[in-house]
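So that you can tell them apart, the chains are marked A, B, C and D in the order they are listed, and the count of residues begins at 1 in each.
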Amino acid sequence: MIKLLITGGTIDKCYNELNGELHFPNTHLPEMLQQTRCRLEIQAETLMLKDSLEMTEADRIKIQQACIASNEQQLVITHGTDTMVKTAEYLAHQPLNKTIVLVGAMLPYKIGGSDALFNLGCAFTAVQLLPQGIYITMNGKIFDWDKVRKDTEMGVFK
Amino acid sequence: MIKLLITGGTIDKCYNELNGELHFPNTHLPEMLQQTRCRLEIQAETLMLKDSLEMTEADRIKIQQACIASNEQQLVITHGTDTMVKTAEYLAHQPLNKTIVLVGAMLPYKIGGSDALFNLGCAFTAVQLLPQGIYITMNGKIFDWDKVRKDTEMGVFK
Amino acid sequence: MIKLLITGGTIDKCYNELNGELHFPNTHLPEMLQQTRCRLEIQAETLMLKDSLEMTEADRIKIQQACIASNEQQLVITHGTDTMVKTAEYLAHQPLNKTIVLVGAMLPYKIGGSDALFNLGCAFTAVQLLPQGIYITMNGKIFDWDKVRKDTEMGVFK
Amino acid sequence: MIKLLITGGTIDKCYNELNGELHFPNTHLPEMLQQTRCRLEIQAETLMLKDSLEMTEADRIKIQQACIASNEQQLVITHGTDTMVKTAEYLAHQPLNKTIVLVGAMLPYKIGGSDALFNLGCAFTAVQLLPQGIYITMNGKIFDWDKVRKDTEMGVFK
């Protein structure tokens, strides 16, 4: 059983046709998982739906507590890319003894040409194969949380 | 560097609007990889573009030879799902000392709601993390080649 | 009120992931109309779901009878492109005193890059503006039924 | 020959993955027209790429001048929905003796589930069939410019 913690981020953004802005009316993860024909046992929980630039310390504590409380040893966290590394660092402060993979997307799932499903495939595979620790999967790569940063000019993780 | 061997299968099928049938005018893997924003170094080679029900022994020998000839230790093979296990078995006859992951899709990349990109994410992550051997990634799961079969009634790998 | 008669054709085809063939499990017209945000009053009726190459004379009689029986003066018929002109000719034998527009698609709605919604927009607009008669809308053009043929080599109506 | 004047609006918005906002790097109309398999002769001209809430009087004068200067008698204008009616009114001040159809979308073409192509189908058909005047096509309906308003709470034209 894998725990999926949903926190928002670009992957879950969609277009609000009443005001022309992007928003988070609800998570699209169940729809995404259905599309993938994924047969893993996944326990999903929506902690918040936020742009990661707007995440507060209270939000990160909430994520950390959810990781601690989880009975599952394997956790995937969907997260905005801008502060994904910061949250990973936050989680690393606590000895969690679990495999935790943070993942997001550069383009919302709901927008044509999105990287969302590919990234989810990376995260759900990595979480099954990696030893305990905190990781980020983006751009097809698997990073230790403390050896990666987002290059915001290029829009890629290095 | 990861070697990508392309052999066809549902993942690469598209609609021929002149006769209303599905065909393989060319591979969509480069387009898929671009969409994923994948930054892995990938060496792609198209061996054939076939429905896997039409693969001959000569085709499987060609795939085997390409695996042997590859300088890369990590190989992903896109393949039709119907005989994916058979090709995996074929590759297992030869001691290859490489990590080989076979992957396909239930729905073509070009069709809305496809599982293609998710499956690619699984395969490219698995090939980076697994020891030598021959594997299949479908439905979010990672299988040893000799412990899986396609349930053609359900359309899932078990 | 506009009557929508659904007969199948490429516009409604989708991929059967169990056998890799295209089929018609049910019509996608309600889903298409929802996507278009169309606010016309439309009365939809599925007469059949067939590739138009497989339509029989009995099928064309059924379409004709549905046109005669319709209380609405404006009818849109979704139809396979291969014999769309033949059905139009069939309908022209009977003095119907209605505006009837036949429309289809070169690429199924369910396949990325489809012309289905554009064509529907053409048909539903044409049926509101044209006088009594039988018409075909494809490729952005409006044709009198007896001045058009499908160029099957080019895949366009002329 | 139909003149297509492009001014921006939701129909042409896309997601900027570097900053997570919607922007207008360039028009998608050529891509849209290719997808529709439209065989009309269309002369496209991009006047501006703007959210219609940001349009100035200078912008509307520019649109008006382009309508006057056009040799074509049939014009389609892509436009943001929020001030589409205002621009239509502006055009009506001048006796243009042309058929002009304004059209936009509630959801960008680049976002899954968009109404863009349907609306374009409506506009290109209406412009061929309507007498001189200024019209708006949205939600499958054809409106005289002075008998319509956007219901911003419902997101529909009435």
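The working rule: a contact is a pair of C-beta atoms (placed from the backbone, for glycine too) under 8 Å apart; a residue touches a chain by one contact, two chains touch by 3 or more.
Quick caveat: nothing in here was measured; it's all calculated off a predicted structure.
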Subject >> Chain pair repeating A-D, as identified from A-B, B-C or C-D when over half of the contact pairs by residue number coincide >> reply: B-C
**OP:** Compute the distance, rounded to whole Å, between the mean C-alpha positions of chain B and chain C.
**Re:** 38
**OP:** Please report how many Å separate the Cα centroid of chain C from that of chain D, as a whole number.
**Re:** 26
Subject >> Interchain centroid distance [CA atoms averaged], chain A/chain C, Å >> reply: 44
Subject >> Interface hub residues of chain C, defined as touching at least two other chains >> reply: 106, 113, 155
**OP:** Please categorise the chain-chain contact pattern as a line, ring, star, complete graph or other.
**Re:** ring
Original post:
Which of the residues in chain D end up touching chain C in this complex?
Top reply: 35-40, 106, 113-115, 117-126, 128-130, 137-142, 155-157
Subject >> chain B residues touching chain C - in the complex, by the definition given at the top >> reply: 10, 13-15, 17-18, 20-22, 51, 82, 106-108, 110-113, 152-153, 155
